Amino acid sequence: MLYGMGTVVLFLAALVIATMAMSAVIGNYFAQPQRVEPVASGGQASTGSARHIDPTTLSVITAAIHQHRKRGR
Amino acid sequence: MIIIGFILLFLAIRNGFEPLLLVPIGFGGILANIPGAGLAYSAVENAIYSGDAALLREFASVLPVALSAEPDSVKGLIGAYKSAALPLQIAAETLAEQAGFRDGMLYTFYKVAIASGIAPLVIFMGVGAMTDFGPLLANPKTLFLGAAAQFGIFATVLGAVLLSSIGLMDFSLSDAAAIGIIGGADGPTAIYVASLLAPELLGAIAVAAYSYMALVPLIQPPIMRALTTDAERKIVMVQLRRVSQRERIVFPLILLILVALLLPAAAPLLGMFCFGNLLKECGVTERLSFTAQNALINITTIFLGLSVGSQLVADTFLDVETLGILALGIVAFAIGTASGVLIAKMMNRLGSTPINPLIGSAGVSAVPMAARVSNRVGLEADPHNFLLMHAMGPNVAGVIGSAVAAGVMISLVGG
Amino acid sequence: MIIIGFILLFLAIRNGFEPLLLVPIGFGGILANIPGAGLAYSAVENAIYSGDAALLREFASVLPVALSAEPDSVKGLIGAYKSAALPLQIAAETLAEQAGFRDGMLYTFYKVAIASGIAPLVIFMGVGAMTDFGPLLANPKTLFLGAAAQFGIFATVLGAVLLSSIGLMDFSLSDAAAIGIIGGADGPTAIYVASLLAPELLGAIAVAAYSYMALVPLIQPPIMRALTTDAERKIVMVQLRRVSQRERIVFPLILLILVALLLPAAAPLLGMFCFGNLLKECGVTERLSFTAQNALINITTIFLGLSVGSQLVADTFLDVETLGILALGIVAFAIGTASGVLIAKMMNRLGSTPINPLIGSAGVSAVPMAARVSNRVGLEADPHNFLLMHAMGPNVAGVIGSAVAAGVMISLVGG
Amino acid sequence: MLYGMGTVVLFLAALVIATMAMSAVIGNYFAQPQRVEPVASGGQASTGSARHIDPTTLSVITAAIHQHRKRGR
Amino acid sequence: MIIIGFILLFLAIRNGFEPLLLVPIGFGGILANIPGAGLAYSAVENAIYSGDAALLREFASVLPVALSAEPDSVKGLIGAYKSAALPLQIAAETLAEQAGFRDGMLYTFYKVAIASGIAPLVIFMGVGAMTDFGPLLANPKTLFLGAAAQFGIFATVLGAVLLSSIGLMDFSLSDAAAIGIIGGADGPTAIYVASLLAPELLGAIAVAAYSYMALVPLIQPPIMRALTTDAERKIVMVQLRRVSQRERIVFPLILLILVALLLPAAAPLLGMFCFGNLLKECGVTERLSFTAQNALINITTIFLGLSVGSQLVADTFLDVETLGILALGIVAFAIGTASGVLIAKMMNRLGSTPINPLIGSAGVSAVPMAARVSNRVGLEADPHNFLLMHAMGPNVAGVIGSAVAAGVMISLVGG
Amino acid sequence: MLYGMGTVVLFLAALVIATMAMSAVIGNYFAQPQRVEPVASGGQASTGSARHIDPTTLSVITAAIHQHRKRGR
């Protein structure tokens, strides 16, 4: 059991190091112009582009999906 | 058993217990137990259960049942068929087919979806395509919280082995490993491991995994409150930095390289997970990512759920071992939650940036439920302190952690 | 046979005859009959049809053709292969594979979609997810109309048995049962029953079932007008009550329990139907319900249609038996329509609430075509009397009724 | 044949009784506040929420689906 | 090999090289080469590679390895298993299963998606449902341009045969045929032909086909400019006429009839292509057409890509033959482009209506990339001369042409 | 090789002839009232009905798809 838990911790430690190294390399040498939206606190675990849809639009879409379903069997 | 199916449906529909899985599982459990329908049996099993004496004698002449006490009894034939070599099984299948028997519907689903190992992996690909590693990349140290919460898995394995050694239960080492994975709070991982290491316990393990994932909002908060002070619960965390698209693209590849180098046994699970995430993040395969997150994962979920339900059969489920699995599972959850919180407290003391220990419990995974619980308990202490995004880091780390733990189990116990 | 495929395509595209099924069926029928392509044959059949004399001798040495008059003839080899035991079939498959032959595309589709029994059941799940039991729940007595219309099924079985006994046709009892199901006006049910009880008639039965479903607007109105008075056709029915969501959720479960208790042979069909309906109504599995109604049912329809088309092969289809099937099918439809209308008349006289007999014909199912026919004939008599919603009750009851009748057939004739 | 038809009728009679009992029980003991839309005559055999979409909206949706299809192969 | 997988991912994500296929192929290539994971191996191969000496002896007793020099060596066993008759393979599978080994995930995908031949055909159906034959129907003579561009295919076959005859390479005739199809610039066609005629080269052929399709904007323009004068590049073509829906419906059926009459070996590919197109054009099966273009083709693409990737294994890919395949592939492309342009020049001189020779290069297919290249090179010469729609005719004609060429290859070389 | 290339050319020549004959027959004897949109140069390889959607509508749809994706796992 110790062996198993040790492997998990070591693996994730390696992942932490690799990730930090990767972020440092990309940040320093391959930086992109920032087009990606901020990962703000209080948000949702998905791409942010869906955040500002008003409910009317959504209900229209949902209704369209329902409509679509009607078509034959 | 049919009643247990209805209870699962009730919990799923009325109480919202992981309905996407528990509705199909519950329904599959009902279907599998309809007497006389034989939906969960293979053609040979159906032939043996409902064939006449002449047919049974034919089976007895084909299958190696000489060792059994009552060579022509139904139980003996079923056992002989299941343990027979492939050529004899093929002979038995010829017999059953010629007598007009067919594989039951749920048996076919199980064979295609679970026995092949495919369905949990396809679901894991879809989960990868739905997962946002942004919060994790912004704060990679939260990966340690995802590791800590897997402590529950290994504690449970030890518990199951101990229970067996003192004679209370009768779990083999591979059974114990499969039961422990319940503590990983990750349905597809649990099903995948159970299908490899303990197929006969798969029904109970899957039901336990999804039920406890649904119970996260009940199980975790008391533990979280008991292990933290009010001041700790009010810790405000630093706003997460922006994460570039390149980091998002490279991360699943880094993870894949580590898996390839260190833990090939986790390659199917984490490989498909990384593949799904790459489809989502790379920006040029949106069609495939969309399908992986929608049609494909939904289709697979339907058949996976029904297949799991087909394993809810009375003689394996209504058993003291199932109670043991349920008890060990909840212990695994509790230990995982506690470990996550405690390690988060430790990291808060040792590190320079403040970490709210409440996000540690999200390391058990159960995405996104556990992160929401962290957020809610945090809001109780300070109504202006939103922890959700911070908790998403350990939360997705927990998915990786459980898959790594699964790989460790498979490489230690299986093969 | 290729011409029949084109006729089906023409009817489907130009006249709108159930195009979702008849376009794939017609196209599959054309593909299956392309000479030299062998798309509907297994690897062994392809090897026997296009192998040289040396290969045929090898097959003759493997397969038990000693009994045949011309042991090395093609027909004899095909017959010997199909009736051989599994181990000999495997030996023949080795031979065919080594000689470089493969299963034809349509053969593979048929094996996966129909021979396994899966495709019609998955489609039935999708149909369940599209079915609204509201009108039926508001007026449960209309279930009797769905029962009445199944009279056509059993009358046809009797007819087929009679025709065989006087020597006009040569249908076995299971053939007769499968043909009768055409009268159920339910495509997936007919295909499922035919695949179990009379696979060699499956092509003709499926074509008949879908063609007659498309012809409902022509077949039914004369019968409906002949059996009702103008006054009866003008009967205005009471507005249907509201049906709560809980009733909608519980209804498929009630139906499932009755199936489990009374008719396990109907469990695959009605089980999947209830499962689909539960996914739709329970309110917490919308993702799954959406996929069951769209991607999954469409994918399955494509392969089911092509597979059915692969059965439109000249030596089984261009036969006096096919004419018999077509004739019996239309009789089954007519009797079902008449029974529904007559029982509705009877219920109108005996019961307290008025029932317009025109909704009785909708009990044959053919959802939603038959209900629209009821509505249209009703509007002819009284332009303000909308019967559509009232006819939807017997219409979906007819789906249940046919599936029940199918279960009765399978348990009486099969196994 | 009589046996078969009898089974069908008996089964559906049992279903009628069970359904009426179920509706009575739910109506009397487990009534919900009515949020479900009425099953009015003249409607369609599908969920009603799609009934009042105007054709413009629908054509927009359909067009979007066509647009979606364009994206590569 | 893992590095080659990463290179493919880089080209696909960074440079947009056919990402829908090359991302799954590259990822599959990485997964297949993870040491110790055995994802691309069957259960028996996994058992032989990682079994102990006792297990290997058991395999040696079952498989016919007496002829091999070292009967118990790993390579010998694998070879013996692959060439064994089906019954012996089944015995070996029993052994592997009893020792706890399973088919690798990618092996299962390959078996289901490619070895069955199904996935490329399903993708071709989806491509058919996305193809607009309007421009082709408005100007049917452009079909000749689609024929001309297939000259590259046959020139390459000749080249491969020559290279083998002078001893530089070692390609059999069926290998040469499969390699030639790269010049068809049609991914699914190339994969389908390779799976039939040269399964061991499938990985290299698929990678070459998709890479060169992505390189069309680099490969074609110099050839097009070299073979045309500035005046020819400025030729303005007559606006295309309207095409009625009936023509669009009848065209796939005409094509199907010609295939049935003249070239049954092309029936699977062109049959599914016509079926998809009919679903799109017939106007009554929009549901099915939508699913064929979206969920179904996307799901199939994911598994096809991973399966192709599973064939990128070092001992078959890192080989002088792969270099030969890459070199021959680019020659095939260049010859096809040149032939298309030259025939278009000829048609322009001989015919009455003007034809801009730039649209000839679109005949290699690579839809819609090659048509866009024609348009772009045309705009360079005259910024007001839009050739896109005119180039779509030869472009889709090229798809038909390659499928016809594939059928010719299969009927000449296979079976 | 000549045989193969010859077959391809002959097949496509047969297709050209059959297609032209078909178009002539349909144009002369089975002409439809023209409801099908013109295949104009400069357009796209797909059904034309999606051509005139404004970008706002499209972004709304895309957003709705993203929103749809959020719903659980």
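So that you can tell them apart, the chains are marked A, B, C, D, E and F in the order they are listed, and the count of residues begins at 1 in each.
Please note the rule applied: a contact is a pair of C-beta atoms (placed from the backbone, for glycine too) under 8 Å apart; a residue touches a chain by one contact, two chains touch by 3 or more.
Quick caveat, the model's predicted, so the values are computed rather than measured.
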item: Relative to chain C, chain with the most remote C-alpha centre; value: A
item: Chain at maximum distance from chain E, centres defined as averaged CA atoms; value: D
item: Same or different contact residues where chain C meets its copy chain B, judged by the half mark; value: different
item: Centroid distance [mean C-alpha coordinates] between chain D and chain B, Å; value: 34
item: Rounded Å distance, chain E centre to chain F centre (Cα mean); value: 22
item: Where chain D touches two or more other chains at once, by residue number; value: 44-47, 61, 68-69, 72
item: Touching two or more other chains - residues of chain B; value: 20, 87, 90, 130, 287, 290, 294-295, 367
item: Residues of chain E that touch chain C when the two form their complex; value: 85-87, 90, 116-118, 121, 125, 196, 249, 253, 256, 259-260, 264-265, 267-268, 271-272, 274-275, 278-279, 282-285, 287-288, 290-292, 294-296, 414-415
item: Interface residues, chain F side, partner chain E - complex; value: 1-5, 7-16, 18-20, 22-23, 26-27, 30-32, 34-36, 38-43, 45-47
item: Chain E-facing residues of chain C, complex; value: 2, 6, 9, 12-13, 16, 19-20, 23-24, 27, 30-31, 34-37, 39, 50, 87, 90-91, 93-94, 97-98, 100-103, 105, 108, 294-295, 298-299, 301-302, 306
item: Touching residues (chain side chain E, partner chain F) in the complex; value: 130-132, 134-135, 137-138, 140-141, 143-144, 146-147, 150-151, 153-155, 157-158, 237, 239-248, 250-251, 254-255, 257-258, 262-263, 367-368, 371, 386-390, 392, 397, 400-401, 404-405, 408-409, 412
